[in-house]
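Heads up, there are several structures right after this.
Heads up, the next two complexes both have chain A, just with different partners, chain B and then chain C.
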Partner chain A sequence: MAGRLTRRDVLRRGAGAVFATGCAALGGYLLHDPHGRRGLGTRAQSVRRLPNYFADVGFPGQNPRMSMAMGDVQRMEQVVRAAIGGLDPDKGMRRFIRRGDVVLIKPNVGFDRPPALGATTHPEVLRWVIRLCREAGTRRILVTDHPIESPAACFARTGISRVVEEEGAEILLPAQRHFAEVGVRDCEPDRGLGEVLHHWPMLHAPLAEATKVIGVAPVKDHNLASASMNLKNWYGLLGERRSRFHQAIHETISDLALLMSPTLVVADATRVMMRNGPTGGRLSDISPGGVLGRPTVVASVDPVACDAWCYENLLGRDPDRLAYLGLARDKIRARVVEGEARFGESDWRAYDARGLVTMVNV
Partner chain B sequence: MNEPRSGSAASSEPKPSGSAGATESLAGAETVRPVRFRDSWKTGLLRITTVRIIVQAVMFGLFVAFALLTTFSNVDRCPALCFWLGTFLEIDPLIALATAITTHTVYAGLLWSLIILIPTFFLGRFFCGWICPYGTLHHFIGWLFRSRQARTVDANRYRRSQHVKYYILAAMLVAAVFGTLQIGLLDPLCLLYRSTTGAVLPALGMPAPDLFGEPRYCGGAWLIGALLFGLLAMNLVVPRFFCRVLCPLGALLGVVSRLAWWRVDRVPGACTGCDQCRLHCEGACDPHIRLRRAECLVCFNCIEDCPERALRFACFPDRKHEIVGTDVSRRKLIFAGLAGLLFGPFVRTSGRQTRDFPSDLIRPPGAVEELEFLERCVKCAQCARVCPTNVIQPALVEAGLEGLWTPRMNFRIGHCQLYCTACDDVCPTGALERVSIDRKLGLGEFTRIGPIRLGTAHIDPARCLPHGKSVPCVVCEEVCPTSPKAIYSERVTRTLRDGEVVELRVPRVDIDRCIGCGLCEHACPVVGDQRAIYVTAEGESRSQDHPDPDRNRSVRLRPAAAPARVDPRLQL
Partner chain C sequence: MPTFFARRYARRPDAIGRTEKVLSLVILVVVAGLVAAIVLHLTWTWGRAPIPCAEIYQQSMPQPFPASGLADWAAPERVESFAPDELYQKINGRADLYLQHGVKALWFGTYTCPVNGPRTVDVYWYEMDTPANAARIYEAERAPDAPTVGIGDAGYQVGGAVFFRQGANYVQVIPGSLDGADAQVALTIARQLAGVMSSTALPTTQPLQDRIP
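Moving on to the complex of A and B:
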């Protein structure tokens, strides 16, 4: 192909070189960063908010806010129905769940343990909570938790997988894509008021999809927080290195109590881990119904009061000495705007005095 | 050595002296016959090579399926799956032979290797050409990246370097006699499984975690990946370089194939010396002259390619037309054996297996005592693949040179889950014993023996938040899964620098309760530094009763008072 350069060649090459010069200069100009910061700058975190899942329940003021049902594990259907029915004798679960709702149920599946050891939510309690939701006409029921150990193993070993599959609900095993930054409060946390969390990665995808959230937590002893019940159960929605929160465990749990406004909480005291919590490991660590001595299920629209009741009546300890209950009450009082449907009473006797606590023996 | 020749035209020059009987058919030396070897590819649908390709594809598909199925969820849901997952490792005669040399037994499923070994006595190295998934991978890569311009048979000529695999085999088997099992380094199936688990799957999961679930980590994945990629790349230089030059399993089957009844046989009268038979020859076994039986992979490409139908697969053909043995140099073989003989003493002299045992080398539960472990582990990484928490990692330098790619627990990545023995269930060689949950946790009939201890946790008081920094924590106590907890806390009152008096809970380890599961180390919030609590091999139960003080890694005489483990079976 040797030959003389044609005029066309010269023009083509010349134009190409000029064009390439322009591209290089433009690219350099657009990408130029004189301070070396732009490439490293913190990416604007889109911090998300959680809605109040209790807001559209329209809970009547005179209805009981806490309802306990005691009965044998073999009769769990009646026990769970009685506990939830106690909150609204007319409509039962239909008070909370409407047709077409997407319900997120958050059991405690934190450990790879057989259900008999009481470290995780009893599968039968979960079964009947799911069934009641289904009867109320849900569109989807999601069950999720972010355990300490391998999620697949935890869900399988605790018997939760089996029950969820049998009841036609869906398990959502947490994966990286499900997590997102969730804001707890708009302002910087004030450590003086016991506030620690500003925003933190949480298992957001199911929370975003759900229209209702139900917590189903076992009642357990906890080595550091003294007890793990419904408020501590939200800890299982935190991502990343959440173990650092143990440096301020009560502050963190009460922050979560402020953040999460569930539709309903169900405390599973079919067997209460009295010692060696939160992992347990021996049957002698647990006791059916704790101090009460009889398997119990508590349903409540006030997670703080529910925890206080369980702490006193099931674990047999003094709720006034459980710091996170008082902190949760104070934070909810301080931060919840007037008129928002939110309960946060750490003194369950105040409810009892007003006749807002019911108890049935099934 | 044969000179390179063009493959598309028949050669008219006389054969080298080694090709006895090849020249008589080349009387009309100047007739250049137009060779249409492609014709033979068009005859019939189920030609033997088509069948072979189907079998290879099915076998490779099975391998991929087994590799993908080897996960904790699958094994947990369907324990019977364990019977199948290690199939390719269990049919590997080299694993069976080498572990038989080290342990004098053939472990469990390794007896299946007979279904490969026995047919080799009759058919030669059919495994390499038909079954071996790693061979198929090399075959495929060689085909995909073959040079399309230079259609030369030179790439498939026999090379003296093909002797190397026999030297490797000899060195490894001699080393095995002295108790160090190294075949796993180059055994094609161990290599393939390790590459899949240690490099390919984690690498695929890295950019697309949503597709493959949680990202898996693998220590030293770069080396495992580089070895895989490098060996695959060698196909561009020498087709099936690994199979021809390095593979110790191929060498073993090559030695064994000297007994074979059948082999590819050339009918000298019909042969025109066109060399087409070498064009797609997988084994570089010289089908155009005297067949090197030990190199032939029985791929049948030569029979397919021969335009004169001068090649056939024959029973008891004429011995004059073949080279039966491996033709290796005896001096080099002896030298290789000497290298294998010295390997053991050289690596053991470091004392890393006994007196100077690395404190951070924690083997998975069910691991047998270290020296027995090194007699059994073939570095296949099946345990690492199946582990639900990713805690099992192939060792790079942590277990010394001898323990390269043997499994170790890295508690910064995961922890040993209590109700799980998946790693033990998939181990093909018994380096990890098949233990039950009861045995692992010391329940039921094993109450007196107690649980399997992987090691013991130790608290670093300078790093620990309550100990060294007066900051509340005790996450380790919270997660400790034994009952009663092996980690407990003491209440101490301290006066801080500003005069504030705080009550702190300071963690302590109960040496008799700790089983070394590593959950405390994994969950410890001190992550930017070494963890404030860490597990070492101290007190590991697998070496506890060993009479040799160099091999007994326990400061305790006996675990004091076995706790009252009277729980019934707690499985679902």
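Moving on to the complex of A and C:
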């Protein structure tokens, strides 16, 4: 009879519907990219490379490699100008930043703590680094970090967001779309050589946009790495579950030193966390200028040497015992031998002996 | 001229049986639901971070933080809790030291006051596995010359912040202003916390396993 559904019809049509649905689901599963919006490209094609942000600075060989300035926090402008100006008395920040540059400044905003506790970059040090970049004619200034805690809360509580807004720079709060696989080395890491990273998701979007990168890191104790300074600052760019590197912290920091060749680093020693790092929490853990006893800012074109100097002269410790310094030196040296323009000397005294270290009281 | 399918399957609407209509509708709904589920799952994993475990857990546990005992100071509206393997999310590299000392959980909340502020006092409440380990981590971080305060089993105050231990608990009470302006506030809140620890069951009664990921 017309219009009546037979059992055969139900079975046939039901099977067809299930088959169609199953094909759709299978197609969705096969087409789904669990690694993000990279289409159907292979992992090798989607790995980014970072440029050498120091390569076109044209830094004169006779200029100081490290410059320290000591002074009161109320005179932060003079202290920061003196520190950076010590690297090139004629040009100052213009040695590093040219008109039209897009500058990425990477402070340490890793904790939801007030600035007095020394766990994060002092906002006034950041303010004057931004101001000097603007005076040099930057087109755009980005400020970013990737704290594990709520980024917005960290930027606010540390005073960083206020200063960035007042100085007309831009905060880039990390989002999923800002991350991409970044290659550290072309081959699998050799654990025997202290290598850990092959390629890893990093906060790549601002790095890709920037023509210059400046790290501004506080100097502080760290219970795993012994200290957190310029090289450890790049750890904040790592994505995914970066705590897995805690068991190979020195190897990871030295790999980051190899990966990142910044334009300039500025060590913030206005208040040094001498113990209980990296979080601190006690004013008694803080010392202005650390062992020096006076707020200090250190500017350098050699992040490894800068860390060595800060470790010895601000934290009062032996840099020969800081494992990641030697590892970083060896890894960078291999690149320098290949012709890459960058510095990575762990023995800061070698610079001092050649008159390439300056210090000024403001 | 009707197509092959139209000629084979086309029928007047009134010729389609009721059973067939119901079955068709069910199949359509199931297919639409599958598509929606796939789309939602993909957008969820691409565009959003999953709800942190701390937030999920906070929704199912009672408020461990007591009232401040002070006018204008409100107890934390939102409490974060961290299991040992999540501790790094709050205290980063410092977590390893606490793991070595047998930490079972961290409870974090912020007391707030809108007057002359906003002013804040952060509380880090570490639940350790034994009183001995609470004492060890307390001593490891203790400021050597800080004046002691009579709170809990042992305590001291430095820069306005109060640190004390009681039983298997190690607590840090840290004002947002470290110039001493809220030192008395931190002391009062610390005493309230110590009072809760001595008189009620600890948050350990709440399970930290099998939580919604």
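One rule holds for everything that comes next: the second predicted complex is superposed on the first by the 313 of 362 C-alpha atoms of A that agree within 3 Å, B and C clash if a C-alpha of one lies under 4 Å from a C-alpha of the other, contacts with A are read in each partner's own complex, and residues count from 1 in each chain.
Heads up, the rule we're going with is that a contact is a pair of C-beta atoms (placed from the backbone, for glycine too) under 8 Å apart; a residue touches a chain by one contact, two chains touch by 3 or more.
Worth saying up front: this structure is predicted, and the values here are computed from it rather than measured.
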item	value
Touching partner for A:223 - first (chain B), second (chain C), both, neither	both
Touching partner for A:196 - first (chain B), second (chain C), both, neither	neither
Which superposed partner A:132 touches (first chain B, second chain C, both, neither)	neither
Which superposed partner A:278 touches (first chain B, second chain C, both, neither)	both
Which of chain B and chain C A:246 touches, first, second, both or neither	both
First (chain B), second (chain C), both or neither touched by A:169	neither
Which superposed partner A:28 touches (first chain B, second chain C, both, neither)	second
Partner chain(s) touched by A:159 [first = chain B, second = chain C, both, neither]	first
Chain B versus chain C as contact partner of A:116, first or second or both or neither	both
Shared contact residues on chain A - chain B and chain C	111, 114, 116-117, 148-149, 157, 176, 222-224, 243, 246, 249, 276, 278-279, 281-283, 285
Chain A to chain B touching residues, read off their complex	111-117, 148-150, 152-153, 156-157, 159, 173, 175-177, 222-224, 241, 243-244, 246-249, 276, 278-283, 285
Residues of chain A touching chain C in the complex	2-5, 9-10, 13-14, 17, 20-21, 24-25, 28, 32, 34, 36-37, 110-111, 114, 116-117, 148-149, 157, 176, 222-225, 228, 243, 246, 249, 276-279, 281-285
Chain B - residues contacting chain A, complex	72-73, 76-77, 209-210, 213-215, 388-389, 414-415, 417-420, 465, 471-475, 477-485, 489, 505, 519, 523-525, 527, 565, 567-568, 570-572
Chain C to chain A touching residues, read off their complex	11, 14-17, 19-20, 23, 27, 30-31, 34-35, 38, 42, 45-49, 88-97, 124, 141, 143, 145-146, 158-161, 163, 172, 174, 176-179
